[in-house]
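See the structures that follow.
Each of the next two complexes has chain A plus one other chain: chain B in the first, chain C in the second.
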Partner chain A sequence: MAKMSYNRKANLQRIALLTPGLLLFGIFNFLPLVALLGLSLVNWPGIGDADFVGFENFRKLAREPYYRDQFVNALVQNVWMFVLIIGAMLLLGSALALLLSFGTTGRGAYRAIYFLPYPLAGAAVAFLLDLMVQPRGAINTFFVKTMGWWDAPIGFLGDTDLALPTLAMFYAWHRMSFAIVLILSAIVGVRVILLEAAMLDGASRWRMLKAVVFPVLAPAFVLITVIVMVDVFNNADYTLLLMGPEAGPLRSTDVLGTFLFRTSFGGSATSVNVNFGMAAAIGLVTALLILPAALFLALKNLRKD
Partner chain B sequence: MTAHTGKLVLAGLMASFAVEAAAQDLTLYSWREQEIPLWEHISQNNLIDGVTINFVRIPADNYDNKLRIDLQDGGPDLFQGRAGAAWLKSFVDAGIVAPLDGSIDLSGLAAATLSAGQGADGTQYGVPFAVQMESILYNKGVFAANGIEEPKTLDELKAAADTLKAAGVTPFSFGGRSGWWLNQVVGEVMTAGLMDDATAQGLIDGSVCFTDEAFVETLATVKGWMDAGLMNAAPLADDYGAMRTAVALGEAAMMIDGAWSSGPSSPMYEIDPTLEIGFMPVPGKNGKVYAFGDGSYLANANSEHAEAVNKVLAFTTTKEFAELFAGMVGELPVYGGDYAIEDPRLAEIAGLVANNSASATPFFAYALNSGEPSYGQLVADGYQELLNGSISPEDLAAKIQAGLNSWGYVGAANCQ
Partner chain C sequence: MHKIFSLSRKEQLAVQFILIAWACVVLIPLGVAVINSLKPNLGEVYRAPLSLPSEWTWSNYAEAWVGANFGGYFLNSAIISVSVVIIVCFCASTTAFVLVRMPFKGSALLFACFMIGVIIPIRLALAPLFTIVKGLGLLDTLTGLILVQSASMMPVAVFILTAFLKAVPSELEDAARMDGALPFQIYWRVVLPLIRPALATVALLSFVQAWNEYFLPLIFLQSRELYPLTLGIAEFRAQFSVQWHLMFAGILIMLAPTVIAFLLASRQFIEGLTQGGVKE
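Right, the complex of A and B next:
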């Protein structure tokens, strides 16, 4: 047998390395996505026979006011929630990571404190949130009774303007350490010679941050944005746990995840038209909506590297 | 081995086989934590001959999705269903739930409760399990401390609330964050208190419209309490649990709730073990409490143990079960004949249900809930809007009517 060329060998190695990942991804991600497409074409309450309805679910989602209005409302609020979360995570995350990078005394302890919430289960954080913001919770008790600054408790989760930002802030708090760790490792990766050169040129600290540090941080920002985006648009754990599938008050905390849940499992005892098919359609449309943004950001990131 | 010992071993094997065959273990799904001791007792004492029940409790929030997912792959032999044809429909359509076996005799049950297990055409699919009463529940200690007698008119109620407010007690505790409570409890109790039975029945058959003055008044009364500051400061921020906590703590005096909150396993007694809860209707023109068959025990038509399953269902129709149910669950059974009630609290509830309860149940009416948006949905959303201060009672009534008209409900032609 002729000796294998280097290129051929390299190709085989690549195939051997990629195959397991591709198989796993295919089985657990791609196939369900294809199955979802099939599911989106039927009307099925989760038990019994499914009715094939073609693209009826998609038509309803686009045309029927009952579904369309809920979808648009959930989408807009989902975007708003994402903006709030990513804004808080990038701004505060960078600030805290910078502070940690400055060789502050006791930074090991700070790091531990920042990282504490991350391993907590979503349900535990949701429960904690509820204890904090209830009318007789910690925050209201402190400001109304202890300090006397507020006349009446603020109903954070009962206010149509405050409920969603409250949930978003707790999400950001929960995942903040993930942002800090990524940003901090990027900061640590800044080449010291570049900083020294900038220092010799007489650059101010702010100038050094702007011209040398931030460009290096961009890939970390992009990574955080993509991961948070995919999570915020696909999951709704806090909202479901605290506000229920009806996403009250007045649907003001409704996001695509809660809309999807409500459509497949029903919101209340009188929800008769539960339909897994419609839920699949919502899931697919959501995936299609965030896919371009996620791909764009991820590819941009690759090129930078 | 001698022939003798061989026979002994054989006999032993056969005996153990007989025991195995006799003890049929059935699975029963439920969201009702309060029934756990009851079914344990039934299994341990072999009250249903040769049948033991593996009672699986699933939290109410997850019940429907867990049940549906498990039923795709066999599922439990028996499960509890929520009341009414609207909930039953998809299970009937899927062939999961079949009409009750003729061997199960329901003639001993209270006739008014049977609809809890009936489909839209009146076919009986399940055995109803409890009669629930919903009304105003009040903290007796708080009433006594402020020298308040049970109000008999809306004006007396308002005066009592003013007294309580002046004493620094929140008169009405509202848990508006829980949508299910708004439609299933508040909507129904207000209707039973303010709207005469015939008019309420008219809402269900479409001869009376939701824009009718009598229905608007139910909404306006709640709005009036809120506008007069007789409710907790942020009624939409508190959920059902927070609402009960406030009453149990004595920070609030009254709430609109089901009598199940006064049962022996109610979490309210964990806050105050000496708590005493009183019941009264909303003292309006109709002045009645609201009573309904809570739901039903259903058989999975695909269970491999149909005979044992029917034995269980038959047992739930008996007087023996009714007495166990009253004693161990602390709720009213659906049994129609005489049975012993030892708990005075339960006896009081039984009296109110028997003598002064409204019979119309719009929340469970199939005609109002078979399309989307359903009546239940519209009322839950609507009360939240009302408590948010963003809609007037008249506009809300019109909105509920328009929502029902949008899918051509039974009264659509009459109520344009």
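Right, the complex of A and C next:
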């Protein structure tokens, strides 16, 4: 048997090392993303032949009332949900991080407690908090029966005005510690020298916070915003779990994720407009919407080496 | 040391009040879940969701485990999560090793492809992914789901490991190469031990994500005997929409492994979060 040279062997082994990862990622991640482009140009209910229609799906999404209204509704509600979540996380997260950053007693214990919801599954959070806000749940029981402050129970998830904000609060409850940890680490990272200089200049605490601490929070805010944005615009777990693919009541909790799901796999028995091509078009448009934010994050991360 | 970070007594009290308030917001739902998972029947959950059980019914856990088949769901979740961790750790580390230490023509392009995977979540390409899995005959199999979930973790894992590997000096590998070691040996003997800390982070992230994933199993599994816990709990609600006390037992069963994993690795995880994030 002829002996292979070291270089040849090394080359073969390099290919062997690279192959499993590339196959896995290529087949189940990259190829579908590329296929999204092609699939968005056909009509296809999932069985039978695909029917090439060009940019018809995108046109329908922009023009045809059936799709346009659902799309606009889902998009607007998705933005609204994002604003509620990010508002709650940044305001409350900063406040709590700031309070923790002072020489507070029991800081470690608070941090541990605040972190508890983070590893919970979305499904667990959804059902856990659902029982809290049910008409017969803990919150209504407390305010109606125990305290007598409310006349009647509030159906948080049954009300078209309250359902979406309630789901947004579920998310904020689940992920708040993420915001707190990032903001806290930014605050702690403020250079002591800067603070001492400010103190020698006789600055008040509030002035120091404003001039020295707040400015360094910007990168943390950007990071939190981008990560939550990417998540909220394609994650619809709470809605799917609690409201189903029809995103009730009356589509008041519909977001892009549920719209995409419904278009791919159907919603209730009455919706028969299943079209993989349209679903691909929705996915593509969603990707384009979140791409600028995601690119920003990726570039920021890459620069860091 | 610096006065800005120290509080007077009065201020300390006010701060404690606010911090305790948020601790209550976090802890009360968890406490309510524990209390209600121990109630003897549903009537008591509805009648008085906030009071302690009249009878501490530990058998709810056994009933959820056996009667509602949480044992089976738990096993499926364990099979899926452990497989995902092994596959992701192996594939991502070999890929990162070759990309960083043995680059070739086109390796930059490959890395860019992985970055696209970081930026665009696979959920958006649901329909094509479904077609591919169906075409390979992997629909409604654990294998299919494991491959899909592993692939969805790959971009982030490769990203973390390449960043880490770049920061590790390559002298040891160079020495091994001088001694005539081949890539397999260098990977196994030199690189794998070196990147162990980063690999631990990747393992924790992919374990928790795989364990908690609801959406992908919902799409790629149909047979109930293959369901992981996330689908089991959702199904539990649809099927016994009134058995809250049993469902809470189920939820707490599902929490246990991730909470334990986090307790074991929380310091490293929080450090990973902050290092990946804000440092200028």
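Here, the second predicted complex is superposed on the first by the 258 of 305 C-alpha atoms of A that agree within 3 Å, B and C clash if a C-alpha of one lies under 4 Å from a C-alpha of the other, contacts with A are read in each partner's own complex, and residues count from 1 in each chain.
What we mean here is this: contacts are C-beta pairs under 8 Å (C-beta built on N, C-alpha and C of every residue); 3 or more make two chains touch, one makes a residue touch a chain.
Here the structure is a predicted model, which means the values were calculated and not measured.
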{"item": "Per-residue contact with chain A, leading partner among chain C and chain B", "value": "C"}
{"item": "First, second, both or neither for A:129, with chain B first and chain C second", "value": "second"}
{"item": "Which superposed partner A:66 touches (first chain B, second chain C, both, neither)", "value": "first"}
{"item": "Which of chain B and chain C A:29 touches, first, second, both or neither", "value": "second"}
{"item": "Which superposed partner A:115 touches (first chain B, second chain C, both, neither)", "value": "second"}
{"item": "First, second, both or neither for A:284, with chain B first and chain C second", "value": "second"}
{"item": "First, second, both or neither for A:182, with chain B first and chain C second", "value": "second"}
{"item": "Partner chain in contact with A:265 - chain B first, chain C second, else both or neither", "value": "both"}
{"item": "Partner chain(s) touched by A:101 [first = chain B, second = chain C, both, neither]", "value": "second"}
{"item": "Which superposed partner A:155 touches (first chain B, second chain C, both, neither)", "value": "first"}
{"item": "Chain A residues contacted in one complex by chain B, in the other by chain C", "value": "46, 136, 264-265"}
{"item": "Residue ranges of chain A touching chain B (in the complex, touch as defined)", "value": "45-49, 66, 134-136, 152-160, 243-244, 246, 248-251, 264-274"}
{"item": "Touching residues (chain side chain A, partner chain C) in the complex", "value": "6, 9-10, 13-14, 16-18, 20-22, 24-25, 27-33, 35-36, 39, 46, 92, 95-96, 99-106, 110, 112-124, 127-129, 131-132, 136-138, 141-142, 146, 173, 176, 178, 181-182, 185-186, 189, 192, 195-196, 199, 205, 208-209, 213, 216, 219-220, 223, 230, 234-237, 240-241, 257, 260-261, 264-265, 276-277, 279-280, 283-284, 286-287, 291, 294-295, 298, 301-302, 304-305"}
{"item": "Complex contact set, residues of chain B against chain A", "value": "61, 64-65, 68-69, 71-72, 82-84, 86-87, 89-91, 93-96, 176-180, 183-184, 232-238, 242, 245-246, 363-364, 369-377, 380-381, 384-385, 388, 390, 406"}
{"item": "Residues of chain C defined as touching chain A within the complex", "value": "1-7, 11-12, 15-16, 18-19, 22-23, 25-30, 32-33, 36, 46, 48-50, 87, 90-92, 94-95, 97-98, 102, 104, 110, 113-133, 136, 147-148, 150-152, 154-155, 158-159, 163, 166-167, 180, 182-184, 187, 208, 211-212, 214-215, 218-219, 229-230, 233-234, 237, 244, 247-248, 251, 254-255, 258-259, 261-262, 266, 270, 273-274, 276-280"}
